[in-house]
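One structure follows; several queries about it will come next.
Letters A, B, C, D, E, F and G mark the chains as written, and numbering starts fresh at 1 in each.
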């Protein structure tokens, strides 16, 4: 049993690093890439939480989240290339 | 000592308000408003949280005594939708504004005054 | 008939607003007439509710979903709500009729929906007995108001709407924080139960919560210095909508402020909040009157005047005395009549003569004598000349103010009223004694409405007793919290 | 403690490690194109690890069931499908926005291709018309 | 493939959606299953036209078998890709030599092209930047020397060999 | 139907009808009837009023409005009704518009209501009605002057409203009697402190001072009096201004004891009364000086009106019974002689269309009856026996002397001197001397106007010869033998005035003078163009004639003081506040929504600081 | 700069004040009053195991009706403000085949998933709004991928109105049958689904209302997207 703390710490570091990229940029796409990574990580985190809280129903939340995040990223990406 | 959730919620509220007070671009101000709303929503759910309890869905072995307060969560759902609606309205107003004024700088959007 | 049918007050506007997309085929005129018919129906329901409440003397408690409060959300249609829901409906009907002729901006179907939902929002705000539900209705009102403010789709309209939105957004966020604090402390959202338990609240939480709630509502209630959005919104909105803003949208905010204020009487810092509100209200009156003084645009001038009157109402409501609340409610009614009259008249002139600049009103007495006459009656009433309705409520407010020990506030308000007298006099002079022009045809429906409102101004002015008795009942509905708690059939929950 | 939980935990650990790696690449790489090179793949694999790990892990717990596995697989498949699409959309957006390649880049065949095919790859005017 | 019947396409969509439903609900409760079937029928009616052009032919056993084989192959490639990434990220010198290369594919179907593009994106040091007809433009983190030739055909050949070819043999069968 | 209700509202009703049936003849008849009814009913009620007050109550808007016809209100109402009737006759000649009738009669109702009200709500309501109507009379003719009048009236009204509010808050009552008793009791209770008492006094003084035209609140009066129909001015200046004076009496009645208790005495004199006396004295002096300097007859009488009301204030300020008697008498005298003056002015303007001295002259021949009326008015105003004006001024003077207020008495003297100066100019400038050739065709004023003048001229003579009639009634009001004597003789502690004796002497003297005039040498007629001064043509710079810059040397002597004009002061104040308003709204409503957000943040900050500290 | 400093100072003081208020509502404590009642009675009274859903749709259904209205207002308002006689899309770059094909494959799944979300609202987290938003995402993807794509907005508007009316009518049926507006007549009067608690066919009118909301939100959000993306064509 490694314990959830290790995962959480790794995820926290990962989140921090991508947050750095969100703020640092320099281009809008850089920020968006970082956000995209964060959403992916968050999805994983949500799944992990479902297990931690022993609630399978939370998995639906993760899927909804992943889906909305995907839609959002695509929208921004298309906006940036002038595809709207 | 104040809880980290409260701290986060208040921080979001203040950051949002900061954007409204300092950023000149209308869109940034609107983003500030959205951040504020997020902060308020976070505050609401934090207030409804009860240590050691789970989401108020009474399945998978969770009974009434193992669930957190369902009301704030219900309120937040409503508040989120309201926030979305406000943002949508604000964006379309911003679109008109940009069309008519050619700028989104608040200091130039002041034909109505006095 | 079952009192629960009062929920039709909410159901009808909703149902009919949702119906609009399905009857787009009726065409513009059809939808406008539809709007008038629905508002007339709403007036009918409101009249029935009014009759029920005032004849039985008991409030109607609508329990949504059949849940007893505090488990479910209840509407509390007491004397105040019954009276104001009726006013909302009647004014909406008038403006709907006015819209038939005045509203030109496309798309009309969406205008009709937003119109109905604005009416719905105000109705709900006035009727609800649940603090979060109040927030929801407040947002319904606010968001439809944002949309309608920008409806003319000019740069100015969008600008006004943006200002309204940003300030309203901040206000509602902080209102919600207040709600969160109160809920966190008491575990309930029902107003009656909050009133019941308020005394046991942690004093700091109560103080912060009450202050935040009042702050949030004060933005909607146009109190200085939170009212900077208001003149712009009034000016830029379509004329019919300005009428609604002034006649009942702001009233709903005022009412909500007063209602929550008195519900939280038991809170320790209550009297400080009152003092703060009195100060803000007084400043509202003074600043708004000064701002109106040299306006070149009549609509904006009257908007400022409206704000100052609103300040006076807030002053009365914040006095913390039965006399003050009664007077405030009385003033609300009178102000609704007068401002509906003024904004309708000004809007009518604005459309007929292509704008609401002061120049357009010169010689109005010769060009549109009926409208000019109605506007004159409205102006005189607004100034507070005796034998016009506002005089009575103004006197009541001033007396109540002095009684409550706010002589300085009364003095300042009176001083500001001098300013008000000056600009209205200039306005009257411009209409009757300056400028020339050809006589124009004045529409029948709008003339009738204007004359009706003018007649109401004078009738209440000469015989204020009836409305005053209504106002007293409605006022005690707000002030008498004990009775309010007793009227709500709270069930026992929890420990 | 059983085989499911062990395998599950291992996968989760691997997954979170790849999360870390992915964001490290986000920091270390010199331009947006190379950042995506390192981060997209690792984040996706990380997620696969975490999600599949949870699904397997749950099988070994007292509350777990096969439902956990199918649901997590649904999420995993979804990510496997969407993540490369969003990565593609992003890198394309970066290119179309004119964000220059890193100075150490050795070749840009896309630019040559676009030049050859005339336009700059944009939809011809009127492309929006039905 | 325009001649594939609507019924086939619809049915295929229903089947896929229903399978997804089963996965989502992860339940064999007749209420769920029955309702899921109903929903699949309804949603498919609205969406089958965009969802598939091939219809039931996609469920040919050979295709399914190849798909099942492709999955581990691809996963392996992906893990390798990540080890490569780990190396480049963690190496102090940051050993990269990026560039955009040009490949061609033999795949014809849209879904095939999509799968190829996604596979490329998720595997060693490559991301699909754009797809135009049969041309793939790939951002490559380490462009090998052989690809740096002035000759276009040679370049495409080298690049394709390295990037698209390994997946195509599966995808050709699965998606055509 | 209650008589009080009839007295009160007949004029208003008649006004509305006259406005509705705006046809020549119809409106005049209705208006005249409406104006005559109050007087008729007052006369009818006289015996009853002498016995005991007549009451009437009315409920409006949750307030009970009480009216009472007591000895004092009867007196004021009778004066107003007399002038009102005269005004109505005047209007028949000078006005052609239903608008005038409506508002003139409306103000009539207002004035009567003010005098009859026994509670503050009715008092205020009718006060406002009166103000509003008179304002409308001015508004029609001159926006600037009406605005000035309006603003000052509104200030006055709101001051009164605030005072009423405070009184209501402290005593819980709005009717005079309860308030009076409550304030007497409060002297021992002390719930109303000294500061608040002073505030109340100041507020009421402001409210009533405006209407009475007391310096420095008089600035509206000259403009308003001159910029309306002059028949109406007869009522405006003759009766309406008395509402302010009546208010001062009200202060005495309601708050006198309280004010005495709180403010005490000053040099053996009620402190608050002293203030009133001095305001009166200053008003008399300032207004009289300004009246002398006017070149326009309307302005002259306007200032004169202000000054004369000052006499009344001064008299009331003396605070002794004799002072009240004098003041009350002067209420009557001023109403009738100033009313008469304005009717004469109305006639002059109606017939000549001129208002300035320089355009007039020698009208006595053309308008002999009007001239005779004017002469009566002049004599009465200048305080020449045996006119009503003399009797009242004499009483005031006696009162001032008895109260040991020499400076105040001096003001009376000075005022009389100045009054003499300006009436002399009026007499000569308008009626005698060279007549401009344009005025050759001037005719006598029309009959209704002459009737109107007669209505006011007769009491001037009657009460001049028999002042005891009035003082007898005033004794009844004051409930004591304040002024002794009989119908023809007034007796005070320090002197006696025998009006009959003086009248007889005057009549004999006049008869002799008339004989001399008739049988003496004829004057030579000189055309205007023949005026030479020491053989040289008159230069424009220093052309002093009775009709042009006659008192210019006085003006030059007063130059330093004339630079300070209340009028200009107020105008500057108004401009300043408008500029301030502009600056305020431009700064606050600056259009930038970010600033507006800051306002919200600042309010939050204040709330936070209030919560944190 | 001064402004920023001022802002920060102001905000810190406000934040401190809020924190002070919150200190009176300690985190994680059980202060439930009405909430407790809900938890104890939710299953028996509403048939939903998801207490949040029961609160949202049933106990506080009035709020939700309002919430639906708010979104309707937004959709109407956006439609009104961005209205013009001729509008069309003005995209400059076509989506690549990766995006278009991906969207084709995903859209049906996303829609199905949206339905899954709102139909299970009484059992799992989720409900009408997330479900509707998910459905709208499907349309969003279509808009993103295909530069000429347009929703059938006239039909959508009508659906929006019709389902909104249905919501009110469901409430009015409650008024007619049970005597109260928004009364759950399915669960409380009919008693339908009482032996199904925890399974799909339970929860009274919650699944019905969530279906209404899901469709309504889906169409509304799609409509908003449509309005925002298209631009006026000026000739």
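Definition applied: contacts are C-beta pairs under 8 Å (C-beta built on N, C-alpha and C of every residue); 3 or more make two chains touch, one makes a residue touch a chain.
In this text the structure is predicted, and so the values were computed from the model without any measurement.
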Other chains in touch with both chain C and chain G: B, F
Fewest touching-chain hops separating chain D from chain E: 1
Chain pair with the most C-beta contacts: C-G
Remotest chain, chain C as reference, centres from CA atoms: E
Chain of greatest Cα-centre distance to chain A: F
Mean-CA-position distance for chain D and chain C (Å): 54
Computed distance of Cα centres, chain F from chain B, in Å: 67
Rounded Å distance between chain A and chain B, as computed from the means of their C-alpha atoms: 19
Cα-centroid distance, chain E relative to chain G, in whole angstrom: 33
Overlap residues in chain E, where contacts from two or more other chains coincide: 20, 24, 114, 117-118, 128, 130, 132
Contacts with 2+ other chains: residues of chain D: 22, 24, 36, 40, 44, 63, 65, 67-68, 71, 74, 81-85, 87-89, 92, 96, 121-122
Multi-partner residues of chain A (each touching 2 or more other chains): 54, 56-58, 60, 63, 67, 70, 74, 78, 81-82
Residue numbers on chain D that touch chain E, as the complex places them: 18, 21-22, 24-25, 28-30, 33-34, 36-38, 40-42, 44-45, 65-68, 70-71, 73-74, 80-81, 83-85, 87-88, 91-92, 95, 101-102, 104-113, 121
Touching residues on chain D, where the partner in the complex is chain G: 81-82, 84-85, 88-89, 92, 96, 121-123, 127-130
Residues of chain G that touch chain A when the two form their complex: 89, 91-95, 99, 110, 113, 116-117, 120, 123-126, 130, 133-134, 137, 140-141, 143-144, 147, 229
Contacting residues of chain B [partner chain C, same complex]: 13, 16-17, 20, 26, 29-30, 33, 36-37, 39-40, 43-44, 47-48, 69, 71-72, 75, 78-79, 82, 85-86, 89-90, 93-94, 96-97, 100-101, 109-112, 114
Touch list for chain B against partner chain A, complex: 54-55, 57, 59-62
